[in-house]
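Encoded as structure tokens, the structure appears first; notes follow it.
Going by the order they are written in, the chains are A, B, C and D; count residues from 1 in each one.
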Amino acid sequence: MTAQRISRRDFLRISAAGAALSVLTGCQNPRRWVTLEPFVSPPEQQLAGVPTWYASTCRQCPAGCGIVARIMNGRAVKIEGNPAHPLNRGKLCARGQAGLQVLYNPDRLQGPVRQEGRGSRQFQPLSWDDALLSLVSKLQAAGDKVVFWLGSTISGHLYDLFQRFASAINAPDPLVFDLYTAFNGYPTLIQANQGQLPAYELGQADVVFSFGADFLGAWLSSTRYGIEFGEFRNQSLGKRGYLVQFEPRMSATGAKADRWLPLRPGAEGLVAQAIARLIADQGAGPTDRVERARALAADVDVGSIAEASGISAEELGRLAQIFAQYDRPLAIPGVPLAGKDQAAGIIAAVQVLNLIAGVAGQPGGQELPPAAPGLLLKRPAISSMERVRQVIDQMAGGQVGALVVYGANPAYELPDQAGFAGALAKVPFVVSSTPIIDETAVLADLILPDRTYLESWGYTVVTPGFGEMIVSSQQPVVGPVFDNRSLADVLLAVSREIPLAAGGLPWADEVAFLKESLGQLAGSEDPERFQADFQQHGGWWQKTAPALEAPETSPEKARPLSPINFLGDEQEYPYYLHLFMPTLLSDGRGASQPWLQGSPDTNTTISWQTWVEISPVTAKRLGVKQGDIVRVTSPAGELEAPVYLYPALRPDTIAIPLGQGHTDFGRYAQNRGSNPIHLLDVEAGGAGWVTPRVRITPTGKRAALATFENQVGVTEGFINEAFPGR
Amino acid sequence: METTHDVPIWRRPPPEDTELSHQLEHERRQHLLLDPRYPLDIDGGVLKPMYRHTWRFWLVTALLAGLVLLFGAIWTTQMILGLGITGLNRPVMWALYIVNFVYFIGIGHAGTFISAALRVLKIEWRRPISRAAETLTVFALIAAAMFPVVHVGRAWKAYWLLPIPTQREIWPSYHSPLIWDFTAIFTYLTCSILFAYIGLLPDLAMARDHTIGWRHRLYEVLALGWRGTEREWANQETALNVFSYAIIPVMFSVHTIVSWDFAMAVQPGWHSTVFGPYFVIGALFSGAGAVIMALVLIRKAMHLEYFLRDEHFDGMGKFLLLLSLTWAYFYFNDYLVPWYGQEPVEKVLHQLLATGSAAPLWFLMIFCNVVLPWTTLWSRRVRTSIPAIFTISVLIQVGMYLERYIIIPVTLGRNEFPYSWGVYLPNWPESLITVGAFALIGLLYVLFSRIFPMIPVWEVYEGQVLQGLRRIGRALVPTKAEPGD
Amino acid sequence: MAEVQILGLFHEATPTADTIGILRQLGVPDEKITVMSGIPYRPEMLGRPRPRRRVALISLIGAGLGLLTGLFLTFGIFLLYPLEQGGQPITPIPPTLIILFETIMLGTMWAAFFGLLGENRFPVFKSQLYDPRITEGHIGVLAEVEAALADQVESILKDNGAHHLRRETSSPRRTDVRLTAFWATVAGAVVLLGAVTLLIAYDVLKIRFPTNMAEQDSTAYLQGPRRSAPAEAIPIQGPVLIDGQPASEPVPASAESVQRGKELFSITCAVCHGPAGDGNSPLSGFFTPRPVDLTSTPIQDLTDSEIYLVITQGRGGMPNMAENLGPAERWDVINYVRTLAK
Amino acid sequence: MPELPERKWTMVVNLDTCTGCNACVVACHAENNVPIVSEEEVVRGRAMHWIRIERYWEGEWPDVKARYIPVMCQQCERAPCEPVCPVYATLHSQRENLNLQVYNRCVGTRYCQNNDPYKVRFFNFFDPNFEGLLKEQLNPDVTVRSAGVMEKCTFCVQRIRRSEEQALVADRPLRDGEVVPACVQACPTSALVFGDLKDPESEATRLVRGNQRKFRLLEELGAEPQVYYLQSGHSAVNE
């Protein structure tokens, strides 16, 4: 046998094979592994090397789950939940796991680029030095008229830096707005809960009334709510929680509910008030609850609410009985409420139920997080829609000299009607820091691609922490894939050049700043040691006595809610529009990641597309079939998309998922589906979205729905079945 | 002085009984074996068309060769890009390629059956058609054997199914019906070729004796030095008998095993014990039709009207009718039992065929395979009308092809989980490959017919020597000498 | 004494039979007479003895050979690769029967064919006394007689209606060049086909396709550039060592550590350095230079840190094992290697 | 070398808590290098997901219910897909009681898919396309399957192997819960439980043993699938 050189790869293969063999049999001739391919046993039984794991924090949504990344040969090959992390306890949702495709997205920018002419998509690469020079000069020119538009998934230290920078140059506080938080109603929830996001601890609840909260979908912390739901169903001594879901379209949560009640859109608050009223009137449950109910329930007419909501009065009575009887009931206000024009009132109506039940502010009920530990640790403060309107108005009025966008994509996330694009044209200088060119970056002058979160430093103060104080650590799990600079370093470098800012941001680099910020958590511990442990284990947390302060209750009775205003005339626009955030793509930031694009939506099994959900009853009336392309028109805009017949949807409602319709954002997202956000209207000066009514017009065209489930039996005819799009 | 018995058959005078001469004429017109001619004329009648290369021949050859080349090109593309260029999808992993496989294997059954079974049963009219039938068998089997290779995902690795030593150090698994298939088809194909070749030897000698040039040299080699000695004839007869008796069970086994490819699966609509005989009969049915088509075509193209007469089409027509009846019997068996069982998926399948989207295919199949043969083939006029029998044979091919199509892709589209149902419609690559496979059989047939005698001359001679007319009462009756064995 | 072959052609069977009778009376033995015809006449028709028929017997032998082949293919493979499939027994009988049936039939028929060739001494390429008219329906009688009888035989044939007569003096046997060429061609083709099949089967002739999924994206990086670990980041396993520096916290050589080291050694190191660590492994012949003998004095004289560096960074032909052994595990291995000292 | 004990790896799927969140699906894609197919290919019925959540609608409006059933390879003890493979590409591992798929032996006859009542085998109609940097995410423990090869869920056999080797090195028995396939690892509601049925103390055994809610898919076919499902339970609430 001639001697030959064996490459490292061969070596690893042989040694892996050898290992497997010695484990399996111990008596195979390893010669075959040199000259032969391994055919006799599966290569999956031979492992190449041992992985290194790094703990960090997920940035795919604002929840702040702990992750561990599996690194082999310097490559991140898998993200899993950090088992030690108290928020997600080793679990991780689909979006979190797809973070690898943020890191290894083939469309990532490899360095800073300048765009000649906004919207031209002609990007000229330039050096970091040139880019920073240009940034400094433009920021100096803008003076204090700089607006920082940030996303909610920004690291605490970066938000801190932005805030310091803004205050140093006398610019307004950074704006934190993205669709994920806005659509999920964070501002309203925070407002209704003393400035904190509440945690609904279902894990020990007997009965949960969810008013449209798709907590198993993409609402707040879906991983944690998944864990909670698992506990809710498998409680000790064989107890199994009972879930009632009120929503016009069956979400994943609705599918898991024991009772799914398809009420009319906008009637959630009314139903909550009716239940409170019925507890008071029927005297169901313990006396203290009845007393509280009598004190708090609004004077509403249950009969008319039954009519308005589509839920019969008997049904409401039964529900009131159930809610009042059991030990630990819980009411959760959800997405569709938070965006409505009377969001605060509706959330208060739901909150009344928790007050009646006596679970508000209680562990195992609706819990508020303790205040963030320390002074320097920051959590991005979600801005209200009002603030967004103000900034857009300022931009349109030429009062903004420079706009820095980071972690948000307002050009995609705001309805056309909000006028963001028009206002942006009035801003002399726009910088985006997106790693992949998105809709906002296309309207920017300069793009300084940040490192992705798996290559960067940071921390997150997790709120709500579900009864624990958690600071989750973020560290690079791989070396930077491209020569991209971290935005914090860019900010520090820029501040050194701007006299006003230089004093406020004295740190040499991001890591130094981070260490200083975290230093106060160390307490008596050696700061270096603390820092190492913080990074190694994925953060710092401690069980605290939860904040027991119950939310304020108004002594006087809650006021009856007036009906929701819908945009559009009932005759002209006969259907309610129900937008929802799909579990995978969420607010559209998932669209650049093929794992999220290509995995089927659970209820429709559609991937890669936007679809319009129509009840089969309505479809029959309209004469449309599965796959027919319809035009959905609202007073604010219109879109065309294929129909999916969705049996669990009110006949008077049309449902459309968010997430697609990107004009940019990489090859996987681009020119795919439509963005239904443009059907909405932003209420001038108000708190949120105005929900429109829509009308449906068949276009006569058909499209092939990319369902994973087969569609035989839905379409008819042999050709149709084989080629649903023709 | 020559006695009557000394006169060669081709010079034997008509019976002196003039009153029966019209009867004699009639019988001669009817039966090839009663119509002896001068052997050189017969030899010439077989050999001459082989030289005839009209523009039509070249056109057909070029067209077929073009389609075969297209086959190759598409197959190459498919190997490079992947099977995704076809219309296959997840539940329907087997489709047109396997349909072709089953169909062509089926075609490959009739040749041997006619040749071997009719030989064993001593049915005399088979003599001139056996060669054309055997040839069809061989070429259909070659086309069929190709399809599993075209079908697999990594065709360049198809040799892994062979029991040969490779670097993988692992041999095929005989648990798999596909390996049974491979073994059976290998046996059937090689033995069919050998069977046809043994029967061809005397005719190759005949051709050797009547040709010059390259053909002569070719036949010289292929005839292996055949002189027609007693020993050669005796050994050939034994060998032919061994083959005839052995190849019939092999033939039955081949299509039974092909049916087991399906019946062994848990797929509803496939898991049936009647599939073996049902497939065998279906194979014979489509094969007999294909043989009729081949006979019509070579008769026309090569002017073999002397050899191929009404009696042959009449006989084949009766055979076809019999097979249609049997096929219907088995099909009914295969339909009734699941229908009675009301098993949910089977019910779905029946609904799909009877009233669903596959109904057009199903009713066309029933028409072609049952209604058409039953209403027409009882009539001798239809059976002996060349255009009529040809049309019926073509439609039976359509019907049997549809039957396989329904069994494979249509049935595969339904299973226990409606979530994973699916519908298959052929895409152009596999459709063209299918056309190419038909063209391949055609091309091989055309080329073969120009190189090898398509009529087994020695068998015809033998039949003419052994057959005669005997007067019984007032009629002349064909009789056959049955020398002791 | 030279023999003469005389061939006469007849039109019909009866005169042929008569002639053969006369020849027999003349003293020409049956085996010296050969009858050739375009169709199979029965021996009785021509008054000839029945020829010996052994083809059927040969077929039977073929059937036996087929049975043996079938048994090898089925039970042989089943027992060679006792891999379980679908809960079936390792040697399932019913599928075996199918294969046995086919191989028996295959053997029968192939043997019948080759029996036919052998019994007829086929192929024959040398010139034989023959007349092409035989395939036109004439019957040829070939008599092999001594030269003295030749004329007499010829006249008998003529008198009985033989219309064509040919006469040839038997020549001594010569080697038949064409026959040799034929068999050489056949053998060559078989050998070539077999060789090409085996060359492809053993991947000596590689078909350029993504053949075995061995060269592929998921492991290709093992040859590609090694990406650097993120600076200052700390893995869950604890802080890693900085390249080039000895470890600060070696694992003490406890019995547990040595035991762990032994296991790790057998998984990671023994492939090359041999189970005993003496550099003798089945693979060592593949390497230039051969893997070193870890029990030797020069190796055992190295300091722990030096060995640690070799494991971490590799040296010469040895790749770095940082991907295979964690920091603590390297110390376990070093502790084990120390126990190997002679 | 110590002999490894025989195992009976089992997945228990609690349908009561499966929320259809797709975390398992993406985890599986990441762990096993399962390619994502394009929209056109999805339309043509070639989507590839080793684990899928089948959603069945029940009832008519307004009493509609949706049921989620995660379906992955059921690792049958008498798998119908195995014996039909002519090249031993799919076979049974006696020791682990797994239905193995050896990709580099597969020639792509696709017979196993026909004979698979659960339709959980996926065929590579084209070569998988990991564009640009996406190649870096590939798990080196798992072969990337080329065009023409059948693939399916393996219960993450590479993770089983890794845990076994770790336990072997540490010279201790494998602990319950130490081996977790990627889907089980990810599942937020812990609807998926993985374990060894031969271990009487394992979580899986505890869930399966005597559980009135347990059932297996198409049990009547006799394939003895090794994935147990637990039906939805009922709350003690008076409706």
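Points to keep in mind about this one:
Everything that follows uses one rule, which is that a contact is a pair of C-beta atoms (placed from the backbone, for glycine too) under 8 Å apart; a residue touches a chain by one contact, two chains touch by 3 or more.
Not measured: the values here are computed from a predicted model.
Counted by C-beta pairs in contact, the busier of A-B and B-D is B-D. Centre to centre, using the average C-alpha position, chain A and chain B are separated by 66 Å. In whole angstrom, the spacing between the mean C-alpha positions of chain B and chain D is 46. Chain A and chain C have centres, each the mean of its CA atoms, that are 63 Å apart.
Taking each chain's centre as the average of its CA atoms, chain B and chain C sit 33 Å apart.
Within chain C, residues 81, 83, 85-86, 88, 203, 212, 214, 219-222, 266-267 each touch two or more of the remaining chains. In chain A, the residues touching two or more other chains are 19, 22-23, 37, 39, 48-49, 72-73, 75, 709-710. Shown for chain B are the residues that touch two or more other chains, namely 87, 91, 154, 157, 167-168, 170, 172-173, 175, 179, 418-420, 422. Interchain contacts join each chain to each other chain, per the touch definition above. Chain C makes touch with chain A in their complex at residues 203, 212, 214, 219-223, 226-240, 266-268, 270-272, 281-283, 285-288, 317, 319, 323-326.
Partner chain D is touched in their complex by these residues of chain A: 19-20, 22-26, 37-39, 41-49, 72-73, 75-81, 88, 90-94, 97-98, 100-101, 103-108, 206-207, 216-217, 222-227, 229-230, 233-234, 239-242, 250, 252-256, 258-260, 262, 318, 322, 326, 481, 583-584, 594-600, 602-603, 605, 607-609, 615-617, 647-648, 651, 667, 672, 704-710, 724-725.
Residues 41, 44-47, 52, 54-56, 71, 80, 82-88, 105-111, 113-115, 117-119, 122-127, 146-150, 218, 221, 223 of chain D touch chain B in their complex. For chain C in complex with chain D, the touching residues are 81, 83-88, 210, 212-214, 216-222, 259-260, 263-264, 266-267, 329.
Of all residues in chain C, those touching chain B in their complex are 11-12, 14-15, 34-46, 48, 50-53, 55-56, 59, 73-74, 77-78, 80-81, 83, 85-86, 88, 92, 95-96, 98-99, 101-103, 105-106, 108-110, 112-113, 115-117, 119-120, 122-125, 128, 130, 132-137, 140, 161, 182, 197-198, 200-203, 207, 209, 211.
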